[in-house]
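Sharing a structure with you now.
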């Protein structure tokens, strides 16, 4: 990791008045926020606040109707998702979106896609370069599985894993793209307490490798425990930002969110 | 390719190599070699169908059109301009690739029934063009007296020669497809089939891959079309109509769409069913054909190969 | 999964292949070579089934009749008939199969399927007597040594038609043709022969074989003000042409149909609308109208009676083609036996063979043997054919 | 000499285009009814048209029923065929993939066609027009009496369907199960029955189109596929599931064909309709009248 990304508050991702409308419904009413580099960062807010929509906008699945998204200073709004993945933003999904009939290992191998090159010809004709690359993909995918602790299940179809492990596998797959910024959409959803604890540790370990992690999460214990900074949105609007301690005591947040619950 | 695939590959290659020697001594089935030449030609088309529909999950009802583009390019260049078939064949494949690319870019943004309708419409348009451009294609009466094929200076004059040539080509294409499937590209195609947006988010340029695999399937069909031209030495638009696009899909369905072996098995089986074995039913043929389809689609939706696969394939609900 | 499982699955696979092979082998037990074999390929189903159907019936009727009479020189006839489903690929395969088994083949039914097989018969040196019209089937003669056809060429039909038009003083015509092999071939001949007959084609329209409405084509023809309209198609579109022509009130312009209309069913279907429609027709369709001393009268009446008694439907041109090809094949078999080369030579030298479609005079240059004199110009009158003046 | 003005020709093309266009629209509506409830594209829809025509021929000519009774009987019998198709085949295939369902309906269409071929042979059949007489001549263009009947039949079908979906409990229930099957099931709507009803209804509508067009264009066993294809085109062009869209799109296709045959090239008339369809799909993929969101939400 270079020095720059270690510096706190060097904005890795900048949101400038990001808006999103569906037909007549406004899901995001202009979010502005700088994601600092190298930390774990949480986005919280009540259901329907627009958290997942925000992730979709950042990862390119949706194009914001207005506003600007800058990643490392480059505008990425409107780029197709695979380009954004190539630039170094990867993500997981709220509802697990694994390639269910492919094996655990193959799922992670897909993650290597933006960092590898062989196309139809070199694959079909099995050029030596492609075979070297294929061996490397296999090896690296193995490392990522080891990192998240799924080496034992590598040859099972992904759909056969229990939900907890599917969530972990999604993270491994996302890590395999070598992201600078990792977006986790409710990673703890549906996990039991022990699994959540392990997940927290995994997220911190990921952060230690220099990857900036941003997560949307409802499990407040987890959020408070691992986040360095928190962004609160409410009805598509920026409500508050701060450290977990600041957020815990923020009156607007308590009213809108914690107080309501 | 996995070791199991290699074993089936060798076994099948052996069987295909031995087939003529098994049927030719028996007079009544000796012409099965002819049927197998057609089966081989169709198999090339069906490999493309499997890659496109079985693996990448994109429906195309236009494969007969690409088959026709290859066939007619070869026919026109060799028949009217006396070009060498070996130059005409890549020309046909290139034209098919170009057309597939141009049509594929807008069409493959569509999904499901809309994609089916778009490709179907395109296929019918190609068929109409073949029918109407009488100056070039000979119109509905087609073209006759087209040249045969020489391989390394040898004329393919017997069915047996054709048989080995065509099936040799099939196995080369099969190898190519297997290698593609067991690579970064193949994984990406399967990923597109299963979760397109997840694949996209993992850095897979889904739009480009869909067009590329469409082009691949078009090229395979076009090469098959060229072979068809030089084997039959005459052409007629009715071999390239919508019914044939559907037939190619059916062949693959019956064998099993999620496996190249299934495509091969289905093609051979359905070619025999369609051209040979149903003759005993005479006029009931069409009913028996329909019934076979219905039974396979209802009770064996993953095709005949699903009888042989060991592990159940997990599927998204 | 265990090794056992893999072993089992592999043996199932192997068993399947073995079974397949056994089935292939078992299904191939042939019959004794005693009977004379005639191969036949007709479009019994598919788009041209209305051709193949009467052809099949006729061929089977003749076979049964001859076999009842003790066969040819004591050999019963074995008719190996295959359906090409109006599909060129299937026709090609069928003939590939037949050339290995029989010394002579009749069919296929359509020009498209015939052109798809001439190469096969030629290569295999087996004579083939096509039932379709296109002149391309038997020309160029150098590469059609083994191919014959019993259907009159479209040039004869067009010639006969133009001859009649000239008598009527018609000089400007509009043509409409179906976009299949039959229509395309007719269109080609109409356009080719018009100038030399002093006729101008002022409109040239096409339509699909399954079109449900031809008013647009007829209306367009009408705007170019022809003195006569020629429709060239088979199947339901020729009825449509008649109906639409009537309904649009265009009946002041005479309508000529191709010989494809030559089936009484068509008159029934078109009803009163068909009155006055003109067409050149082979004599097989109008047996009763022929003079008693006409050379074809006897064979036509015999066939007509037998066919209509057995199948309760009127004879058609197509059945007539099957009759001609079947009888030519039988005559050859009777004269020279089941030897392909000899049959070919016999056919090529056949002269004065009186059939349903005319008196055939084959030669080394002419593998059709008919001329436009073998046709009659007829007109629909009181729901039946009548000789046109 | 026949005198005929260009204006009359234009009118004539319009009339022919409208006549056939309305038939395409009826076929398209048949597709939509089934699609709405099941998201299945029933490739056997064209065969219902063919069956309707041939059943009517059977009732009118073999049983000598008056034409209107034959019309009703043919629709009833075809509806029954649709009913049987759902009960015997579709019901067993509920969990199939979309592609399997496509193949299944193609297989059914082959079976229906084959059976029709046995029953009626391969010859075309004609049916007397609903009312006899010379065509009406309007400004030089001829309007066949049967064409007027075709417009009447389709108008009746459209009105009845509208009433059915707006007013009757069954119709509303059908729309509900189309909208959200699981929610419909929860509020006690028998979705199964709705699927059955949709097949019966759409077969009956196909048959109405078939009976109406037979006096003009004849009918034979293999006519279904092409009509089905054009109807499918109209359904997609109008936006799958959109009744009004299907009506407009059917007429647009019919007119496009007719004008192309009249003014451009008769050989390319089918191509023109398809080119319009492709352009529409490429530039407005949810159909002319479909909404983008709705198209996205559909499973397929």
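For the reader, a short list of remarks on this structure follows.
In order of appearance the chains are A, B, C and D, and numbering begins at 1 in each one.
Simple rule for what comes next: contacts are C-beta pairs under 8 Å (C-beta built on N, C-alpha and C of every residue); 3 or more make two chains touch, one makes a residue touch a chain.
Not measured: the values here are computed from a predicted model.
Shared contacts of chain B and chain C, meaning chains that touch the two of them, come down to D.
Relative to chain C, the most remote chain by averaged C-alpha coordinates is A. Distance from each chain's C-alpha mean to the overall C-alpha mean is smallest for B. The mean-CA centres of chain A and chain D are about 49 angstrom from one another, to the nearest whole unit.
Per-chain CA centroids place chain C at a distance of 35 Å from chain D.
Here the CA centre of chain B is 32 Å from the CA centre of chain D.
Distance between chain A and chain C, defined via averaged C-alpha coordinates, is recorded as 71 Å. Listed for chain C are residues 45, 47, 179, 206, each touching two or more other chains. Counting partner chains per residue, chain D has residues 117, 265, 267, 270 touching two or more of them.
Shared contact sites, meaning residues of chain A that touch two or more other chains, are absent.
Applying the touch criterion to all chain pairs gives A-B, B-C, B-D, C-D. On the side of chain B, the complex with chain C involves touching residues 4, 7-8, 11, 15, 22-23, 26-32, 34-35, 38, 131-132, 134, 139-142, 144-145, 159, 232-236, 238-239, 274-275, 277, 279, 282-283, 285-286, 307-311. Residue ranges on chain C touching chain D, taken from their complex, read 45, 47, 49-50, 53, 176, 179, 205-208, 210, 212-213, 215-217, 219-220, 222-223, 225, 235-236, 239-240, 243, 247-250, 252-253, 265, 269, 271. Of all residues in chain C, only 1, 5-6, 9-10, 12-14, 17, 21, 24-25, 27-30, 44-45, 47, 82-83, 86-90, 92-93, 96-97, 100-101, 111-113, 115-116, 118-119, 134, 136, 143, 179-181, 183-185, 206 touch chain B in the complex they form. Partner chain A is touched in their complex by these residues of chain B: 176-177, 179-180, 183-188, 190-191, 194-195, 197-207, 212, 216, 311, 313-316. Interface residues of chain A facing chain B in the complex, by the touch rule stated above, are 59-61, 80-83, 85-86, 90-91, 93, 97-102, 106, 109-116, 118-120, 123-126, 130, 133-134, 137, 157-160, 173-174, 177.
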